[in-house]
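Since the structure comes first, as structure tokens, the remarks are kept for the end.
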Amino acid sequence: MHIGQQIAQYLLSGLSTGAIYALIGVGFAIIHNATGIINFAQGEFVMLGGMFTVFFLTVLNLPLLVSVILAIAAATIVGVAFERLAIRPMKNASPISLVIITIGGSILIRGIAMLVWGKDTHAIETFSGNEPIQLGEATILPQHLWIFAVTTVVIICSKLYFNYTISGKAMRACAYNSRAAGLVGIDVRRMVLFSFAISSAMGSMAGIIIAPLTMTSYDVGVMLGLKGFCAAIIGGMSSGLGTVFGGVILGILESLGAGIFSSGYKDAIAFIILLIILFIRPQGLFAKGDTERV
Amino acid sequence: MLKKSSFILTFVVSLAILAGSALAAPPIKIGGLFAVTGPASFLGEPERNTAQMVVNEINAAGGVKGRKLELIAYDTQGDATKAVQAANRLIKEDKVVAIIGPSTTGDTMAVIPVVEKAKIPMISCAAGSKITEPVKKWIFKTAQNDGLAVARIYGDLKRKNISKVAILTVSDGFGSSGREQLKAQARAYGIQIVSDDTYGPKDTDMTAQLTKIKGSGAQAVICWGTNPGPAVVSRNAKQLGLKLPLYMSHGVSSKKFIGLAGDAAEGILLPSGRVIVADLLSNSDRQKKSLLAFVKDYQKHYKAEGDHFGGHAWDAIMLLKGAIERGGDNPAAIRDQLERTRGFAGIGGVFSYSPSDHAGLTKDAFVLVEIRKQDFALVK
Amino acid sequence: MTKSRSFLKHEMVKFILFTILILFLPLAFKGGYLLNVFVFVGIHTLLAVALNLLLGYAGQISLGHAAFFGLGAYASGILTATHGQNPWLAMAVVAAAVGTLAFIIGFPILKLKGHYLAMATLGFGIIVYIAFNEAVELTGGPSGFSGIPNLSLGGVSFDTDFKNYYLIWGMTLVTILLSLNLVNSRIGRGLRAIHDSEVAARVMGVNVRFLKVQIFALSAVISSIAGSLYAHTMTFVSPTSFGFNFSVELVTMVIIGGLGSIYGSFLGAALLTLLPEILRAFQDYDIVVYGLLLIFMTMFMPGGLVRGIPALVGRIVMRSGAGSKADA
Amino acid sequence: MLEVQGITQRFGGVTALEDVSFRVAAGAITGIIGPNGAGKTTLFNIVTGIYTPTSGTVHLQGKNVSRFAPERLASLGMVRTFQNIELFGRMTVLENVMVGLHTKGKSGILASSLRLPWQVAEERRFRERAYHWLEFTGITDLADHEAGSLPFGKGRLLEIARAMALEPKVILMDEPAAGLNSRETLELARLIQKIRESGVTVALVEHDMELVMDICDAIVVLNLGRKLAQGTPREIQENPEVISAYLGEG
């Protein structure tokens, strides 16, 4: 196996992990853009998606499609409940308090999942078999195609939503200036709730489509959440292509780092790149500069 | 408080009468330190469950020399600071006569100074060989040294005339100890490590490492980790069409691994304690009786498969029971008697401690198994 | 003018009372395990005060402070156990080195604001954590580094909880006193000004960037010293003690105790250190209780314990005192 | 004293200021007026170093200070107040003024935490100076109040006291009368005159025409990012272009 073949595989592997990070990152960006909150519990929705699917599939013996739909619904309900119970009452809280609240929320959700479902790792059958697909010099699995497809669809939908629907535009207005948005008659609280619903649904979707590859357990959310956060930051907190590029860059860096440099330090390499990006372009690679307002 | 203790008292009294003893002596307190939550919970939970189960059984059968055992177990969360605090509490507040656990090598190394100073015997359930090398007066362990598992794998490789291997270890305590042993013993078996890679405990894709291995000229791959990493590795290996023999560690020697890896598990070789192949052992095997009893009980109590991690706690409690029966319930006597344990056939192997060996096991503690048709099979 | 003077006097009285409390606290423990727990409360208070200077006063979040703590602990451990250096000398050299490192990385990091700052410090923490795990030859890797000697002074070895309690609390009390002085000085006012309005602070001639970096470095130095003390007390260190979770725990201590209150840091550190002991009663439920506590404390005691407890007491007194006026 | 030359500022495609030049004479009160959106606050932000202009220069006492950071300008004697008062809300009134004295001291982390004798002396001097400025603005009785709890009018006075504590050569005030009632505005006018009498040059952006015409020695009029006129209050009042700009705004 010569080096060219290897690099092709690294790139493809990076692309597929990157797509996962992107999907999670978009969830971060949506909540951040609508509310200014960094939701550290975002990773937990990824976990909930996978774990609910396992639960519906194996405990209730429902068919896959039904389980997936129910799992997304259940995770969304958790997301909405979290917003209503913990975020909404904190209307005038400082950003630091909100960070702590969402960290507390993530610990709580993870803890409950651990008590209810135990600490075991669970596997889900892949959606369309395990036969590797040869792509030039490299291989991927059918499940990866699902990941690419879902990520693409989600990004397109979010683009359409934010640019062409009333409520999408309203949410962007909230992001730009929530007081002004309130003054022109937008129900800001509803928009915030809505953003939590969308991003928890997205997170759970990510959790479901990756579960057949990566398996799932009560604590998968932590690392995936962090990586998604990185993707969103690199992408300049955009809910569209920026974060997708962010995720893919991160995924490829990790994969090349592990393959060519040192697998032990691959996460460190990814984070060093992240720091360098932040130092050089604090507003993210794909965002336009912004003058600070007084 | 009062209510609880009076309840225990009544309970103990009634049991004591049932058992035919005249006196209701206070229970013998044994401390437990297990990583029940946190990243090492795959060790801590079965250990705690097993320890509690065994203690209950011993008590139901009349206790040790007519006295009940009381297990006081604390969660270390796999964190050294919390382990030290919990150890202090066991020693100073609960006044236990002996401690079993902690679950991880890190936690064990952290509490050793505390336990040694307090002169309390401790039987660790962690595998790291530095726990008992050099021998520390009050410290014993039941988990098989990782080196023994490595020796099993290398022995098999040598038999098959394989000399170039790639190793892929998880970057936590379990993996780094395995990696250390894999590197240390390679020369003795004439084995060359052509690729040395690691992955993170929560990593979800190892194709990059495996691609590198594919290009490294290795003739076999040894992966050292605990669920779910090795299952991901097996699946990724299948995806990449990696046709090399794949060895795993004893960290995945339970049916759970097969469930996670699915088809990709087929043909994987691993060293394991005898517990997963208990029913396949010949009747002359000295451990068979203990193994079958443990597997059956665990299944009954926790509706789950008993694994060899739980077995470490089973062995620890049984070793303690033997020591107390022979020498009484003060810490010094327990320690002395533990050191005199010979030929105790437990779950992890046949234990024989001595003043120069507080690990007590030989290479025979491991057997090599292969996964065939979604089940374990003994490799002769 | 009189009031400001009496304010300082008031601070001094508070500090002396606190010192007396700490000095005599061990009598209440009767040599039990709580003494050991309070050794850790001391170390955590040191860390919380350090982080509070940055987070509570200057208003700059760090989700990577466990890294400085860990660097202090590991470097002290390696210098003394592997290279046989004098522990006190090692502690000072390490603190200086960690401070210098923080000073250097502080310039680019503290240019960032809000979530970006949180992300950058978090990233730094994770990089250092990975290094602890991977540099096996140096750090012993994931299963830890043992054989670190106890500190000793004039032939007295600090090898018991009792001695360590006074050693660590001695250092902590000195740090508290110095920090109290600092926050009520020109520098402290500058820091608090940055927190309230960075633009106004700059217009008033406060060199915001340099001051932030300075306080970041100071905070790192104190954390590093706490790390050295931890290493010599435990005689063992392993990476799990210095991960992301611990960084979050430190931030939680500062916030739950009370942002911008030195004594609040003690309350926060004491609560979070004692919490596992209290939560043992809940067994496996402790993680859920911990999560709930974090949420509720932030929701219902936004000012932290140091302001929340008096407010709570006040409310109860008012309720019971004059029921009709309770709504006021 | 202060000389602004050819300042142009663009945000993306929007031109906020175009080639604006004027002078602020030493010892005078100069008013900058103009309809909403004329670019007055942007101009202040550029002069005080908060924004970096696209082009143009600022000279302070003949020294080119373009692109200097605010803290550096502060040490050169330029200070400002804000339209929406930017107080340090969680600090006391006295402490707020003591921040204004920041550049007058040199105690660092070490001296402060150890309370070295000269640091203690410096603190005492700071406190005395701070009380002086509280007396100057007439809010001594509020010294120990938390700044965030002050009524708006008092907050404005505190902001001025804090700025004066720097002993600046020039003070820029961004709509000092905004949000004040007529009695407070009158007091403010007197205070501004008192500041000028103490030898400090004043430049202010203001909407309150009465106040501007009353106290200013010179006026600069901005409209749509350009300088429309410059002159004495009387000249400005009679300038047809100015009148039409204001009437046009309606």
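As written, the chain order gives the labels A, B, C and D, with residue 1 at the start of each chain.
Operating definition for what follows: contacts are C-beta pairs under 8 Å (C-beta built on N, C-alpha and C of every residue); 3 or more make two chains touch, one makes a residue touch a chain.
Being a predicted model, the structure only gives us computed values, none of them experimental.
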Q | Reaching subunit D from subunit C through chains that touch each other, fewest steps | A | 1
Q: State the chain with the largest centre-to-centre distance from subunit B, centres being mean CA positions.
A: D
Q | Intercentroid distance (Cα basis), subunit C paired with subunit A, Å | A | 32
**Q.** Chain centre separation in whole Å, for subunit B relative to subunit A (CA means)
**A.** 36
Q. Could you state the distance in Å from the CA-based centre of subunit A to that of subunit D?
A. 47
Q. Any idea how many Å lie between the Cα centroids of subunit B and subunit D?
A. 72
Q: Indicate the residues of subunit D shared as contacts by at least two other chains.
A: 50, 82
Q. Hey, what residues on subunit C touch two or more of the other chains?
A. 133-134, 199, 284, 287
Q) Got the subunit B residues that touch at least 2 other chains? A) 37, 39, 171, 198
(Q) Using the touch definition from the top, list the residues of subunit A that touch subunit B in their complex. (A) 1-3, 5-6, 9-10, 13-14, 16-17, 20, 114, 119-123, 130, 132, 139-141, 210, 213-215, 217, 219-220, 222-224, 254-256, 258-260, 263-264, 266-267
**Q.** subunit B residues touching subunit C - in the complex, by the definition given at the top
**A.** 36-39, 74-75, 78-82, 84-85, 88-89, 91-93, 104-106, 109-110, 112-113, 117, 128, 130, 171-173, 175-177, 180, 198
Q. Along subunit A, where are the residues that touch subunit C in the complex?
A. 32, 38, 86, 89-90, 93, 95-97, 99-101, 103-112, 114-115, 226, 229-230, 233, 262, 264-265, 267-268, 271-272, 274-275, 278-279, 282, 294
Q. Inside the complex, what are the residues of subunit C that reach subunit A?
A. 55, 61, 108-109, 111-116, 118-120, 122-124, 126-127, 130-131, 133-134, 199, 244, 248, 251-252, 255, 259, 284-285, 287-288, 290-295, 298-299, 302
Q) Any idea which subunit C residues touch subunit B in the complex? A) 31-33, 36-37, 40, 133-134, 136, 141-144, 146, 159, 161, 230, 234-238, 240-241, 276-277, 280, 283-284, 286-287
